[in-house]
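Each of the next two complexes has subunit A plus one other chain: subunit B in the first, subunit C in the second.
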Partner chain A sequence: MVPITTFHYLVVAAALFVLGVIGVLTRRNVVVVLMSIELILNAVNLNLVAFSRMWGNLHGQVFSIFITVDAAAEAAAGLGILIAFFRNKETINVDEIDLLKW
Partner chain B sequence: MNPAMNSALNSTNSAMAPVATPSFFYALAALALISGFLVITRRNVVHSALALIVTLLSVAGLYLMLYAPFVAGVQIIVYAGGIMVLFLFVIMLVNIERSYNDRRFSSLWPVGLGAACALLALFVFAFAKGRALFPDRLMPLSEAANTQQIATMLYGDAGKAGQYTFVFEIASLLLLVAILGAVVMTKKKI
Partner chain C sequence: MLFLDHIYLIPLFPAFGATIMFFFGRRLQKATIDAVCVGAIVVAFLFTCFTVIEYTHFTHGTGQPFEKIVYTWLGSGDAHLNFSKSDGTLASFSADAGFLLDPLSSIWLLFVTGVGLLIHIYSTGYMAHEGGYYRFFGYMNLFMFSMLTLVLANNYVLLFVGWEGVGLCSYLLIGFYFHRASATTAANKAFIVNRIGDAGFILGALTLSWLFGSFRFTDINAVAHSGRFAIGDPALTAAALLLFFGACGKSAQLPLYVWLPDAMEGPTPVSALIHAATMVTAGVYMVARSNAVFVLAPTAMKTVAIVGAVTAVFAASIALVQNDIKRVLAYSTVSQLGYMFLALGVGAFAAGVFHVFTHAFFKALLFLGSGSIIHALSGEQDMRHMGDLQRRIPTTHWTMLVATLAIVGIPPLAGFFSKDEILWQTWTSEGGAYRILWFIGYGTALMTALYMFRLMYLTFYSPSRMSPAAEHHVHESPESPKSPKSMTVPLVILALCSIGAGWVSWPHSLRGSANFEKFLEPVFSQEAVVLHEEGKSGQLAEGRNEAEHTDLTEYLLMILSFAAAVVGWGMTRRSYLHAAKDYVEPIAEKAPPLYNALYNKWFVDEGYDFVFTGRRKLGRVRLGALGAGEAASWIDAKVIDGVVNDVAWVTRAVATLSTWWDKWIIDGLGVRGVAYSTLPFAYLTRLFEWGLVQWYALVMVAGLLGFGVYYVWK
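Up next, the complex of A and B:
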């Protein structure tokens, strides 16, 4: 079998990233959109850890921990917005969140 | 890197080599991608959340294969344990019965899918052209001292601030702001 290289991890991460982008762009449910953003952040994390292995130092892993912190903050703020919005408009569809559109 | 650490690394590598087989990588990657696909296609949001947990766990397995046990642990504890519980709470709070019979995909889904396919083509192009940028070497990383080395970078060593100490403090400030923001937005009356 071919040994696993950095490139393999990059391909997996790119596929995960594209799956997340598809979810963000096509789904109507805000919760699923937020989960797709988590998929995207995970793909980035996987890239960083793979590069950390490629270069033999830990900077990539430290960065991926900071991105995890970001993901937690983003999830808390996003879900807070979602609850506030659901209380006002009784919907969690992206299509109906258009107050700022004209 | 000092020679003692190198020899320790080599012994770790030789001991770890049989575990990290290529077939293991392919299984984890396939699991991550299949459950990632389920996340964006399931009608029931709870099923999406459960599939996302499977994705997070298999990505944690990939971290272990990359000799990053601390990041794998953070992934399981913070993502699968913390963030996903937050998601499930919110799914239970908002009314999912109402959206259950709705259309899953937005009316503009072909445009979104096309844009994502363009992004995929860009990735394929960049990876095919820039293959030489990613050398095949995999440097040895010590798995035993991983957590300690990350702690040295985050907190510093022997009274000196580490390389990322300031960033680490800023991250705690960011979390505080996120907590306050979530409380302020969720409360009915301040």
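Up next, the complex of A and C:
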């Protein structure tokens, strides 16, 4: 058995982060994009908690609480934008949101 | 000395008459007007006679001038009126109201008042039925006042006052019948042409004042005789020529004679007084008075002689074919005045003055006689409609015959002596240098005989060509109511004078004593000295240069003049004695172009119209005053307005340019150009704006990765 060190946590967090980024960049559904953003944020949370365990203090965990609150607010705002946009365009396909183009 | 001391009264008597006429004339009776105006001249004439008698006693025959200065009229001797003379010294400007009596002005006074008196008396009869009786006599008296001022003046300024006054009265009297347009035009012409001469007179008088420092005749004569100025001095010559130009205007010489024939529009007594006996002789008087100046300028004297001779023959030629009786006499006056100036020009001043004296009598007589004829024919002036008047108006006839014989120079009448004297002086002056002028004068004498006898034959001796109404009129009243005593008596008196006036200067060669010239000797005497110094053997007041003359030459010339008169009489008798209703002028038969030229007065008036007034165009060219006006108008319309228009065009062009610059360069290049130049960059940059959110997110991640890679490998 390999002992589970901080490094393993960081790798998992990085993998989640990358998945989240890929989701943001490639998924067509706006709701899934928002979920991917949440995934990114949570990956960062995991990273912070891991470091908190490593240093033996609570700095990381406190910061994580902040990020979670921030994520919640941001999700609310994002959903609000999504609903406003849906009212106008009747679609949740991110490829069709291109009014600000040249 | 009673009369001499009050010599200033002589002009004032007629001035008084004129003033009364001006204020009260309209309301006065004819008899009162006669008494005042004619009476004023009677008093003036008697006063003149007594004054001249007193003068001769006063001077004991020395002929020194008597000068009476009444007051200083202009200038006062203050320093601020000083001016510098030609030699740099200072002189003070002053002109006084002064009167000068010497032999020259005595003669003029006597015949001006005498002939003036006779003409005034004649006018009471002639103008009896005309309107404006008081106005006529007022103007006549004003004229006498001006003329007497002119003659008595002791300086050029007061002379000029009289000079202008006679010009004014000439204008007023020529235009007496002002309802007639022709009369007013003629009056204007007389005054304007006179004025042109006056400009010359003023300049001449001012030049003399600049040279001599004074306007007074006595001062100028003294300085001139002192020899300060060389003979032929250019400034002096200029002054003399300018004065002569003034005399040309007043005395109707070439080129300013054109007013005199037209002046016949005035009543006949006016023509007799002003344009025969007095005003036109003012120029002669002025030149004679300035003899000291003229003698020092031989060029001026030559000019005077030549102009006089040419005028004489020119006017005589025109008189040959004129049909209006007064016009013939007008041109005759111009011609005889030419004789007078010829005499003055060759240095024979006394002869010229003598001719003025005799001419006054017979010319006034001719004019008054013609007035009588016109009166008898109820206004007919054209000789083509006269004839056979010899028995019908006998007094007029024989007086006019006397005058005619006088003017053509039949001895022993007056004209013979004066005209012969002039011709003889011309022949012998300067050793014969003026002989060509003698030929011109002789030709004029022949022409004088021709036109005067033509006048007599056509009027009196030829068969009647009168209109039936005129004929009836004349036949009915042969000279009694139509020609009252007031008209016939002056004619008779003038006829007697025309016969006898020459006898006061019976020439030496005919065993006479030449009293006239002797009387004038003191006035012109210095000239003999000067001319002798010049080397000229001129004959002057004294009359003879012993070395030069022979009685034989003089007799020959006398016979030649008499022959000219007789030949003239013969020629006219042949042509005009039987002149019936549609007679033809001999010149018109033989040389029609010449007749045309003479009849149209050598087209001088037309020439002046073309050159000076510009009322006549030649083709498309207009000269003269109106031409200058047209030229100025053309300049204004084309040149000046052209410049204005061009300036305006330039302004508009600049404005257009400025507009274009603003629109295309400033706005175009500057503003919009800058704006458009950002477009390429915008086009490029725009390519990144797809509007796709995920693309933006990808770009963000790429950037982030770039940073990360950069810092890791750092």
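By our rule, the second predicted complex is superposed on the first by the 102 of 102 C-alpha atoms of A that agree within 3 Å, B and C clash if a C-alpha of one lies under 4 Å from a C-alpha of the other, contacts with A are read in each partner's own complex, and residues count from 1 in each chain.
Everything below uses one rule, namely that a residue touches a chain if its C-beta (ideal position, glycine included) is under 8 Å from a C-beta of that chain, and two chains touch if they have at least 3 such contacts.
A quick note: this is a predicted structure, and the numbers were derived from the prediction, not measured.
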Inquiry  = On the A-aligned overlay, A:Ala77 touches which partner chain: subunit B = first, subunit C = second, or both, or neither?
reply    = first
Message = Tell me the contact category for A:Asp95 with respect to subunit B and subunit C: first, second, both or neither.
response = both
Ask   = In the superposed arrangement, which partner chain does A:Ile67 touch: subunit B (first), subunit C (second), both, or neither?
value = neither
Remark   = Across subunit A, the partner (subunit B or subunit C) reaching more residues is B
Request  = Please work out whether A:Val21 is in contact with subunit B alone, subunit C alone, both, or neither, and reply first, second, both or neither.
outcome  = both
Inquiry  = Per the definitions at the top, what is the overlap between the subunit A residues touching subunit B and those touching subunit C?
reply    = 21, 24-26, 94-95
Ask   = Considering the complex alone, what residue numbers of subunit C touch subunit A?
value = 686-687, 689-694, 697-698, 701
Task = Note which residues of subunit A are touching subunit B in the complex, please.
result = 1-12, 14-29, 31-32, 34-36, 38-39, 42, 45-46, 49-50, 52-59, 61-62, 64-66, 68-77, 79-84, 86-87, 90-95
Key: Residue numbers on subunit A that touch subunit C, as the complex places them   = 21, 24-26, 33, 94-95, 97-102
Touch list for subunit B against partner subunit A, complex = 20-23, 25, 29, 32-33, 36-37, 39-40, 45, 48-49, 52, 55-56, 59, 62-63, 65-68, 70-71, 74-75, 78-79, 82-83, 86-87, 90-91, 93-95, 98-99, 102-107, 109, 111-113, 115-116, 119-120, 123, 127, 131, 134-141, 146, 149-150, 153-154, 164, 167, 171, 174-175, 177-179, 181-186, 188
